[in-house]
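Which chain is which? They are A, B, C and D, in the order written, and residues in each are numbered from 1.
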């Protein structure tokens, strides 16, 4: 199966975060067949560090679907419950650095377009999973990763090659569980990539800036219901707590150190006009231009949430359902990428950095590598996109796929010596 | 069909407020057959004055159900969209007062019990409409009304007899639309009734006190959504408005003139953590021991709702989805009821008044009659109840039914001369 | 000095709560001269249990004033800092019950009238202390207590007589410190009194009802100031915390068990528009028809205060500056009072109980006595008042004074046997 | 009197905004003596457009002080009530542009240092007005303006020279009233200046950037007081309104278009714990990096203030007590300033622009001139300062004074041809 067929197969079978059972299954089998030592499931993820896990029901349905679709059951069982991360390792001939590449595999909960201008639809590889879609190019990332894995395996190199196939990048939910398991603790150089964004075909950036740190929280308040007329004082009013939290979270101070954002995007609670509401749910996020400000802001948000509950006698649960950090790319690796690009004729436009202006949880992998003395970069590979990312009509120009594999090969050869 | 069969047929076919198509259809046909002049639909209700109308979908389903069940289509069409009130008039031989009796017909959205101790289940007249149930005795009220109508029609009397079959008493939603149409404007004496409550079988009260005035509101705020990180200032945040309203409604002052209650029982808004929420919905109620305090409180609640919206640039809709007033029974009519009861051997326990401690929209009919110089009362007819009102195992002791008809006959004979 | 001169001397020298240095000094000396064993200062009060203590400055000025006015310095020193309570004990000849009478001594911070209709002004005994005034009759209470003390001392009786002269009744600030010291722990019967209220001259009530439980709190929030434009995130905003507390305190639920009240009557904070406010002060009260509801409400208010501070990173101080409980008078003692009244010809109108509809901290003494098995009552002695209590033109009809002494004598004789 | 004596005389007689009676009086008389046509009082200011006017009492005291100090009474009377602006016009020989220079005259409410290192104190020209001080260099501005006025008057030039002596720059309170009167409507070129800031002696900037737009508001809420226990519903609670406003103002959205700030710096209301508070006062500010965002923010703040009052039945007054805009200096005039500086040997360091990072209401004059097609600049003239601006030990190095006059002469000569 060539890279185009591979990408189209993945595109037709999108799986949202932590349900990449079919995708990860295939990734494991392919990598094993190329001679890699492949770890997955509990061996590459800390389950508790995952964010925004789907419901048990959703996980079960996706698991069954993958099973019916022919996934290997032994591998599948190890991924049960959403442990869909994969890490493959290949030792070179002699000593040398550990060089890692990271690929994300998850799709989005979007209904793919059926319009006559949408190529995947016309060409018969539109999503067969209703309401799920590869609308951010991760199908391409995975296809590039597997093709690159196969080709580099037959090349001579020194040191250790590490391929990280990450689940649940969307919403910032999967990277942390791999970081916490230590999968990048021995990495000397980490290369991350993304297709598209606003870079045109034939352009490539050595690195990326303007990552936005963010945290998403889901909050549940539990009070006590009571008849609102007969015994209001017997109740513990969850909506009073939630309204107080909402107002005070928005009223947190602006930061002089950089832009910040807070938003309680969802608030739901109560059952009937004559019942003191005993439950309230909030979904919210905070963001900041710096990782430190976002942490500070998150702590303030949590203090508001905690004390708004306690003042009304409520218990509360606060779940982190997604997060992303900021990161700074190392000049050395940006240069590696651009030098490699110069040896791939397809690329003609070289940029030092390209702004992301969004959140990406590869930043957690990048920060950990840097904390332990390694170097990192996050490179953008331009491609023509049919519609913006996360749009039902999103599509990439597949011409970038083989060029990307060539680029990775050049980077790997240059780095593993 | 005797009164027991009639009550059981109605019990088996419960219809919630404004969907009493089958019930009202039957009421119309029976009353016509007894010689009454019968008005219904738009002729006895102001559509805009109805509160808490069901969804169009619910109305249509109930309409179809009644049609399939054999309802007369001409009558049905006049009730389309929930115009299920009926008023029957019968002129006596000579001049005399206009005396009205009021019966309510609606059921509740409750799943009726299937336990082996629940008589309607054992005896085969449990609700055939899943999730609807006569759990407040209105099936009995309607059966009494029709039986009484038939019997009084053959008796000589002076003046005018008026029978009001009201839809949607539950939640305080139907009476006002009949009042606004003027159906009691010519009434000199109005007798209202309720079975059960806490009065035992064989007991009867001449009147009722401790009506609670109440208002239920459903509120919709409409703002503008925007990306919470990219352009928060472009949004108009409906949840900020709603949280402000919720806190301030609860913070309204206590009244020295009597107990009051407020409760925002439901608050729902927003879609996602990264979107400024553009919609919020609240369902709330206020209550007071006096009608005047409740009106005052409602005005304050509305001021909070209005200005909480406007301060955040939101538009708003406030719908009254239910209301009840207070009322005071006239001693003259209480005495009429008790005198009549004394001539019905079934009754052995006579009380001047019995406290309701709840809300009842017959109060609107009562107030209007009094405003125009008439007299009113609201009498409780005791019966053994198997479980509290509004409980899935609620049931009445049918022994009260023929006794109630006798009582009404005595009242009518005594009043219509 | 007769009772009229005594009352006028006290009236001319009003001293607000905890500054009754001259008054208490005189009380001590008189009682000692009649043969009582007299305790005062730290021996009859727990300093920490006092509520709403005046400023050190106010205490010092009043102390100096009393000293200059000839107060005994040894006694004065023992009362330094506001320890102005006095308890006198006199043992009878034989064994018998311990019977206590309670008198309050404090004045109010009111400027006394100088109008030509105001008797104390015309007759030259208007307050010589600018801004302080006996506007609630406690001058009469103290004069009655001392005169009674002198007369009963020469009578034969059994058991133990205990006279409690309490400071700082106004605002509910002094009784608790005497209760906590245990001054009523051995009391079998406690008689409390008040002149006036709405009872006319010649009328007397055996007891009192409708005491209102209440708590007054003074709250200080401390945050961190910062430049509102240059570094808002460096601040900890005390006004955000206070505004949140204020809204949520008012939004606490109504109680079905009886009327309640909450009010944040004062809020002050901040210094300038461009400074994040680091300080806020609130003065508030809660009340309830029952002592238990008031305690419950106070706990809720404190929870709001605490968590509103903590959510914004503030420290807080909450000081109880006044409180009162409810109490129920024992029928036995009410009868004792009324029986005694019947033997004093002055009284011609006997009432079982009279409603207070206000707060009174004698309730703490009363509850303690009852907790330990004793009996209590609180009797109202009618008198004509020139203006309502706490009014600058308030005055009593002094005719009640000797009659009240007679009444107490009869009560004492009847009880101490 | 030379420029040093003049500046020291002004320094010794500081007058805060709108009380510059002595200063403006002198300005008028000097300018008249040089042959200028001088307008002042109502002729150069719209009284209603003044912001943050001192109390009537403060105005009267300052007026009396000036009168006793020998001010001309005719002029004084025209400035009564705080109309202390002055505009002087001098026509040149031939036709030419209208060129304006702006000088501000007001002092600050600061107690001037008496330390031995403070030169004005040592040299005997410390403020004779307790609590008022020239701590921002406006004494120097006025001295430069008058000296320049005298010297340019004897020089030949074409066109029209306009000298604007503005009151109440501090807090952004005086400029708008002169703009609204139209005093710069005919100006082709406007030159504004400030001494010091962070520029060293001998340095000069052609223009200024980083003006901060800001608005300061003082808000009064008026409700109805009532006894908090006896009749809480009779009250209209001003603190509930104010707390709601405070929370919601802080909760206004962050702007993606640039940094914004809001701060309710002062909140005061209520009198006693048992009284529903009928009054509340807030002092607050908003700021933004752009004038448009600040206007938008101010509108949102006003909407919150208005509706928070109305929802609780309060009336409200919102007074703008200070404001400043942003402005952009025109390159042509920056060059004029720098070219002129090059011909004054004193200046050796030329900068295109210097950041202000603060608010300045000359921006209103500047914006109006530009709106009508004119050009503007705001230049900083460096001087050594003994302590930061607005500090009790602030002082300038007087060496800058004659150099500044020379610079202005060069600018005028170059511009008026």
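Assume a contact is a pair of C-beta atoms (placed from the backbone, for glycine too) under 8 Å apart; a residue touches a chain by one contact, two chains touch by 3 or more.
Chain by chain, the UniProt names read as follows: A, B, C, D = Aminobenzoyl-glutamate utilization protein A.
For clarity, every value in this text was computed on a predicted model and none was experimentally measured.
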item: Third chains touching both chain B and chain A; value: C, D
item: From chain A, the most remote chain by mean C-alpha position; value: C
item: Pair joined by the larger number of C-beta contacts - C-D, A-C; value: C-D
item: Euclidean distance of C-alpha centroids - chain A vs chain D, Å; value: 54
item: Separation of mean Cα positions, chain D and chain C [Å, integer]; value: 55
item: Centre-of-Cα separation between chain C and chain A, whole angstrom; value: 68
item: Multi-chain contact sites of chain A, meaning residues that touch two or more partners; value: 232, 237, 240, 244, 247-248, 250-251, 253-254, 256, 261, 276
item: List of chain D residues in touch with chain A within their complex; value: 247-248, 250-251, 253-254, 256, 259-262
item: Residues of chain B defined as touching chain A within the complex; value: 212, 214, 216-217, 228-229, 232, 237, 239-240, 242-244, 246-247, 250, 261, 263-277, 280, 283-285, 287
item: Chain D-facing residues of chain B, complex; value: 230-235, 237, 240, 244, 247-248, 251, 253-257, 276, 296, 300, 303-304, 306-308, 310-313
